[in-house]
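Working notes, structure below.
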Amino acid sequence: MEPELEMNHADCGCGVGERKAVEVDPEIKDSNLKRLRRIEGQIRGLQKMVEEDRYCPDILVQVSSVQEALRSVGRELMRNHLKHCATQAMRAGGEQSDAMVNELIEMVYKHSR
Amino acid sequence: MEPELEMNHADCGCGVGERKAVEVDPEIKDSNLKRLRRIEGQIRGLQKMVEEDRYCPDILVQVSSVQEALRSVGRELMRNHLKHCATQAMRAGGEQSDAMVNELIEMVYKHSR
Amino acid sequence: MEPELEMNHADCGCGVGERKAVEVDPEIKDSNLKRLRRIEGQIRGLQKMVEEDRYCPDILVQVSSVQEALRSVGRELMRNHLKHCATQAMRAGGEQSDAMVNELIEMVYKHSR
Amino acid sequence: MEPELEMNHADCGCGVGERKAVEVDPEIKDSNLKRLRRIEGQIRGLQKMVEEDRYCPDILVQVSSVQEALRSVGRELMRNHLKHCATQAMRAGGEQSDAMVNELIEMVYKHSR
């Protein structure tokens, strides 16, 4: 679960290794934690379906539902990132702003399907 | 975690409600269970990252990694389905075969992103 | 526009190089040709929008609309393939059937996003 | 080819109806125009393949190649938008900045698959 090394790092003064968000909206944090706990339950449900040799398309519908839930988590992470860290970097201008644009493009086109 | 009701049901003699797969390859079942247990751990890792206010793009990289892992689960479910249930229905011909084609299209275009 | 060489080839007696479909439903062919002509117009519309320096998100909405239209073309190609060539191979059984399953998995997981 | 009305509009002083980009990098514009002309050729190639009843998976490989090319166009549009219009709005702060964040989320999660 280490961050991938090839990710471009926009410097937003958040330290190295265990980088922190500049700020997290409490309602985004809460709703993401709720979503992730629900997803954990869905993953256990999927394990049970596979163990019971359930009909493959029925399992796939649930896989798809988890994918959609993860996409919602990603969307809220992106929202928080844009509101705080990205905005800060883009206001700073210069290299920080350029690095942030590159990082955002990478987030969207590699990591947000 | 109930199967969605609007899913077209190709009849392959698997009962109603808790439909079973016609046959499951043991190596597909094992590898999918292993993948799903690993994914469960990744989901708990994500909860921890959110709790610790980690840098949003770092969390998003992990979300994307879970989505890729789920996609692999889906691919193997699809493989098993095509090898066994779909092949059986397509050999049976007639309405069973037509219903299976429609169900496959729905699986691919609604549930396999 | 040559078929990629790394594509697994399920042998369905369609010749090499310029492989033909076993059978094409005329209504699928017609609707796909109509869709592709409309898409060609949309692509020219996109060129005009880029030339006129139109607002990027407005262009992106149109890019997304073309992608959705191409996805519909893909869905109908898949439908035709499953109804005819895939069904034929799966009825033939043995190696032909196995090769078809592999080819279908590749179509779905590499080429249907 | 009109912009969809339900798109959130971040106000960046670009007029109504035929909204313009704040600024477009000439190399992004050139490469997008080249890509779109190439895509137009690919679409005509697809029409020919459909007319000739070519093997459906071979056509699907080409559909997928066009999708990837469109994704590249979208990525460069997003890059230009972030560099210029989004940066400008985020520096302006307040409501303009909030509206831009919402628009970006919508672009990424509705229009960038």
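Think of it as A, B, C and D in the order they're written, each chain with its own count starting at 1.
Note that in this section a residue touches a chain if its C-beta (ideal position, glycine included) is under 8 Å from a C-beta of that chain, and two chains touch if they have at least 3 such contacts.
Quick caveat, the model's predicted, so the values are computed rather than measured.
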item	value
Most distant chain from subunit A by Cα centroid	C
Chain copies touching (subunit C, subunit D) - same or different residues, decided at half shared	same
Centre distance in Å when subunit A and subunit D are each reduced to the mean of their C-alpha atoms	23
Subunit A-subunit B separation of Cα centroids, rounded to whole Å	21
Euclidean distance of C-alpha centroids - subunit B vs subunit D, Å	31
Residue numbers of subunit C (touch at least two other chains)	71, 78, 112-113
Graph class of chain-chain contacts, one of line, ring, star, complete, other	ring
Complex interface listing, subunit D residues touching subunit C	1, 3-4, 7, 14, 18-21, 24, 29, 32-33, 36-37, 39-40, 42-47, 49-64, 66-67, 70-71, 73-74, 77-78, 80-81, 85, 103, 107, 110-113
Complex interface listing, subunit C residues touching subunit B	71, 75, 78-79, 82-83, 86-87, 90-91, 93, 97-98, 101, 104-105, 108-109, 112-113
